[in-house]
Amino acid sequence: MTKVPYAWSWFIEWQTPYEFHAHEVDSVLLEVKTKFQEVKLVNLRRFGKALIIDGKTQSTVSDEFIYHESLVHPLLLSVSNPQKVLIIGGGEGATLREVLRHKTVKRAVMVDIDEAVIQIAKQMMPEWHHAFDDARPQLIIGDGLKFIEETQENFDAIILDLTDPMKDSPSYKLYTREFYSSLKRVLREGGALVTQSTSPSFSLETFSVIFNTLRNTFRYASAVVSYVPAFDGLWGFSYASDRTVVGEMGQSEVDSKLEETVKGELKYYDGRTHLAMFNIPKYIRDFVKRERRISTEADPIYVPA
Amino acid sequence: MTKVPYAWSWFIEWQTPYEFHAHEVDSVLLEVKTKFQEVKLVNLRRFGKALIIDGKTQSTVSDEFIYHESLVHPLLLSVSNPQKVLIIGGGEGATLREVLRHKTVKRAVMVDIDEAVIQIAKQMMPEWHHAFDDARPQLIIGDGLKFIEETQENFDAIILDLTDPMKDSPSYKLYTREFYSSLKRVLREGGALVTQSTSPSFSLETFSVIFNTLRNTFRYASAVVSYVPAFDGLWGFSYASDRTVVGEMGQSEVDSKLEETVKGELKYYDGRTHLAMFNIPKYIRDFVKRERRISTEADPIYVPA
Amino acid sequence: MTKVPYAWSWFIEWQTPYEFHAHEVDSVLLEVKTKFQEVKLVNLRRFGKALIIDGKTQSTVSDEFIYHESLVHPLLLSVSNPQKVLIIGGGEGATLREVLRHKTVKRAVMVDIDEAVIQIAKQMMPEWHHAFDDARPQLIIGDGLKFIEETQENFDAIILDLTDPMKDSPSYKLYTREFYSSLKRVLREGGALVTQSTSPSFSLETFSVIFNTLRNTFRYASAVVSYVPAFDGLWGFSYASDRTVVGEMGQSEVDSKLEETVKGELKYYDGRTHLAMFNIPKYIRDFVKRERRISTEADPIYVPA
Amino acid sequence: MTKVPYAWSWFIEWQTPYEFHAHEVDSVLLEVKTKFQEVKLVNLRRFGKALIIDGKTQSTVSDEFIYHESLVHPLLLSVSNPQKVLIIGGGEGATLREVLRHKTVKRAVMVDIDEAVIQIAKQMMPEWHHAFDDARPQLIIGDGLKFIEETQENFDAIILDLTDPMKDSPSYKLYTREFYSSLKRVLREGGALVTQSTSPSFSLETFSVIFNTLRNTFRYASAVVSYVPAFDGLWGFSYASDRTVVGEMGQSEVDSKLEETVKGELKYYDGRTHLAMFNIPKYIRDFVKRERRISTEADPIYVPA
């Protein structure tokens, strides 16, 4: 049959049942079913090496820096002298990598449920992290919810690098008021937390309810958005603390703090990007302002199916 | 055969030969070939009513405000007392709508080559504009390049609302140094211009070269990005002037100017969004900083094919 | 954005949740929701005008002759002197068109539940039939099952031109032993029937069970397949009678009968095509031979979901 | 982001620039670029293990028997006492497997240009063939055209198992009158040949011209079609000889010859399938009948691009 000069090996990401985005796959590096999920590592023509879990792009070598710098740096720059950091999730290691750039950090605990993903990252995703060699991090394979219940340790910063809240997923309880309340015991006074907050482009309500839940559980909450090409839209992050307003820094303050405490040059985050992130578009701000719903264990928020 | 509960009527937008984005089409309102292009008006499940030209989404009822407010308001707030505004392109009328919100504007000339698109907009896209009833605008069907050569009029602001520069397209010459130079004769002293500048997400080089060409032709140039969901990425806009630095306003200055001179409430643009727009992400800023190429008639820039 | 020279308006037909076939749509002629189904009439680039119901191609102007000639002619040539013919279904009119080619036919009753489809066919699908002007047919809008229960008339041939049997569909009962038994009262002695029998390429079991149900309800049963391009595979038809073996004719007998009793030239069916149809591929024959399941109201067969 | 329960790893086969067929890929077994082509071995959800070359399905474990039995058996049953058989192409080994079922065959020479494909077949496609262990075949890695020019041997049957004729492809010359004439020197008197003849469903003209070229070069020519699901349509095969009418056998003659000379049970071909194959649908027959064009080196036939 005719050879048509069109791409023929495709990864199709369904945003909704009525929308999909298709990417040519240059090659497949790994396909595996772990105890928890279906994991693929592929080379996408547009984005290069990409980690795909259960059909969803998790991160790609060419733009993962946007997500991970957004998640980590505004938080750690806002907390004074962050020494002990807890990451829940974060399997591919890039969140840890960003945390360890901070010279103040003496200990970083990462709790992830899927050991297989960590092994894949170690062996096949060196671009994501050089972090696993560092002496400061401790890896714990296990359930984040249970870890929080049981730990006797205190942290200066907590980073929730979770999958989106979905019905029957292990993660949906980690977006509820009950869980956020339980974090207070684990956060040291003056500490702060961040959670990835889904995409306001695809689920504005979910983003908005997560933020509102934090706003009603902690004294201070703030939210940002960053555009992540491989995620097909804006991505949201929410910060909360009982003592600190995360993000309340001017452009030059961010730049000088970065200079002082963060090793290496960042690609996404700096003083000007900080301004862009913390000034989310008016239509999203207006929506969030009107939000009244709180996510609870009895009535949790999900991303739309 | 089995009825599968999946969508079956699709609009597929090719970003590149190795990437496409597919949207369910709820219904087709109009399909027509004009003298210049293939035009469809459809209802997309995600975005609602959408104008598609030659397979590219031009604007959708649910997010066109982002593009059009970005294009118009930073420019007109930066020019002092803009009374006469020239729009080249802008067939669907929404750019004109935003221009006419400015109380200072006494005359708005819009030059578009495709009368059919204007007629479609008037009859079937009332959501886009109520502008054509206003007494201030003058519509001219014709070639923008020729209009600039021949007009004896001066304008306070010029808005280039063009299709992307492509080989053999009518628009590519309107992104060159020669064309930008010719605009100087038509801009009044102290006036400023804006051009849509393609998507830095899909063609960072094109965005960068357009900006660099302006920077080398005018004394002052600035660039912004806004995320437009229906365009699948960040969209770029560049401003230029020999007297005015477009965008050099603080948050509250923008808000008070809007209050004073713009009728109605905007959905995207305000003081905070202004900060976000004018602080483009570091990786894009860094790329633009290194750009040396200038688009000329002899060596014009195109978007990648 | 770049104009990519690829098709952008598509009809996607899902064969299964893990397979789809996409066709460029040149234009949309009609989109309507009837009381029973979602109906579109479109121009497909490959097949031309096409009737699509609930996401499934029903027939296209360029190959509907294959389906309709297969359905009608072997049956009517096998029954001696067919004068009264009953069609259940057949909304677009082409089955009736083929029936009326037979000079012996004096009366043709067509019972279809969806009047809207018949109106669409009359007004917008003249290529399918010139049949509705003929004096011999009677159209009845209604439920075929109920018609069979209530009619006092006898027919020489019955043609079941139905949608595929699906859970909760109106048609699945018309593929059961109970329904086939009820047809015996309506068939005149020596009469025969045909039913479309789904695609053995996509649901070999369904094809096989329908045939086996007829084989166990009537004295004689036979089955054929024809390849229909727009249906993406082989299509099955089953015939049954208590007196006649449908299809038991040689090549030249078919040709001379066609010459004698059928008006106009056929495009698909003749003596040689008859041989091809009645000699279905060995692997399908072998599968059918082993079939033991019978479709009943208590345990009906469906096409796979 | 939401996990949507839809398939996300796809092989897309473009039939034309305005039509494609998408299949879920369960897993990728091998991706390699040989000296000549891009080869993938994948598991398709519908068809199982599948060999895909340059974006085109070559054969799948679940239906390759249809193509290969069609190609080989009518030919070898039509030639009396076929002892020496030449295969040009046939890399995956299944054509050879079918040839070696014939007890009369003493020697089988297979000439294929791409050694890599043969190695892949040997190591990863055992379902296709057990043939490479047999003592009778000789494998030659090389250009079929050159082999024909140089060989001093005679064959009872020649099988052209080639890729489709395309501009700039190595195979297009093997569909011309000049090449067919050169085969006469290599065929023993009374011998016959077969060539795959592209899909009459997608390129009726190509099928028709190939047949017409044979019909004008040899005394006898015949053509058949078989429906191959993984090829999305009917597939054509043409036979030619100066002494034998390939296919001129009745149903029971085919069955008794198979019984006598072919080892093992076939899945597709037998006496009844023979009748179906050799009686191609009327609309294809009518088209072929009107064909006047002959493929020559100066004016070769291609499949449509």
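Going in written order, the chains are labelled A, B, C and D, and every chain counts its residues from 1.
Everything below uses one rule, namely that a contact is a pair of C-beta atoms (placed from the backbone, for glycine too) under 8 Å apart; a residue touches a chain by one contact, two chains touch by 3 or more.
Model, not experiment: these values are computed from the prediction.
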item	value
Cα-centroid distance, chain B relative to chain D, in whole angstrom	55
For chain B paired with chain C, centre-to-centre distance based on mean C-alpha positions, whole Å	53
Chain C and chain D, separation of their C-alpha mean positions in angstrom	33
Multi-chain contact residues (two or more partners), chain D	6-7, 16-17, 20, 22
Topology of the chain contact graph, where touching chains are joined (line, ring, star, complete, other)	ring
All chain pairs that touch each other	A-B, A-D, B-C, C-D
Partner chain C, residues of chain B touching it in the complex	1-4, 6-17, 20, 22, 25, 27-28, 31, 40, 52, 54-56, 164, 166, 169, 198-199, 202-203, 231, 303-305
Chain C residues touching chain D - in the complex, by the definition given at the top	6-7, 16-24, 45-46, 65-66, 201, 226-227, 229, 232-234, 251, 266-270, 272-273, 275-277, 279-283, 285-286
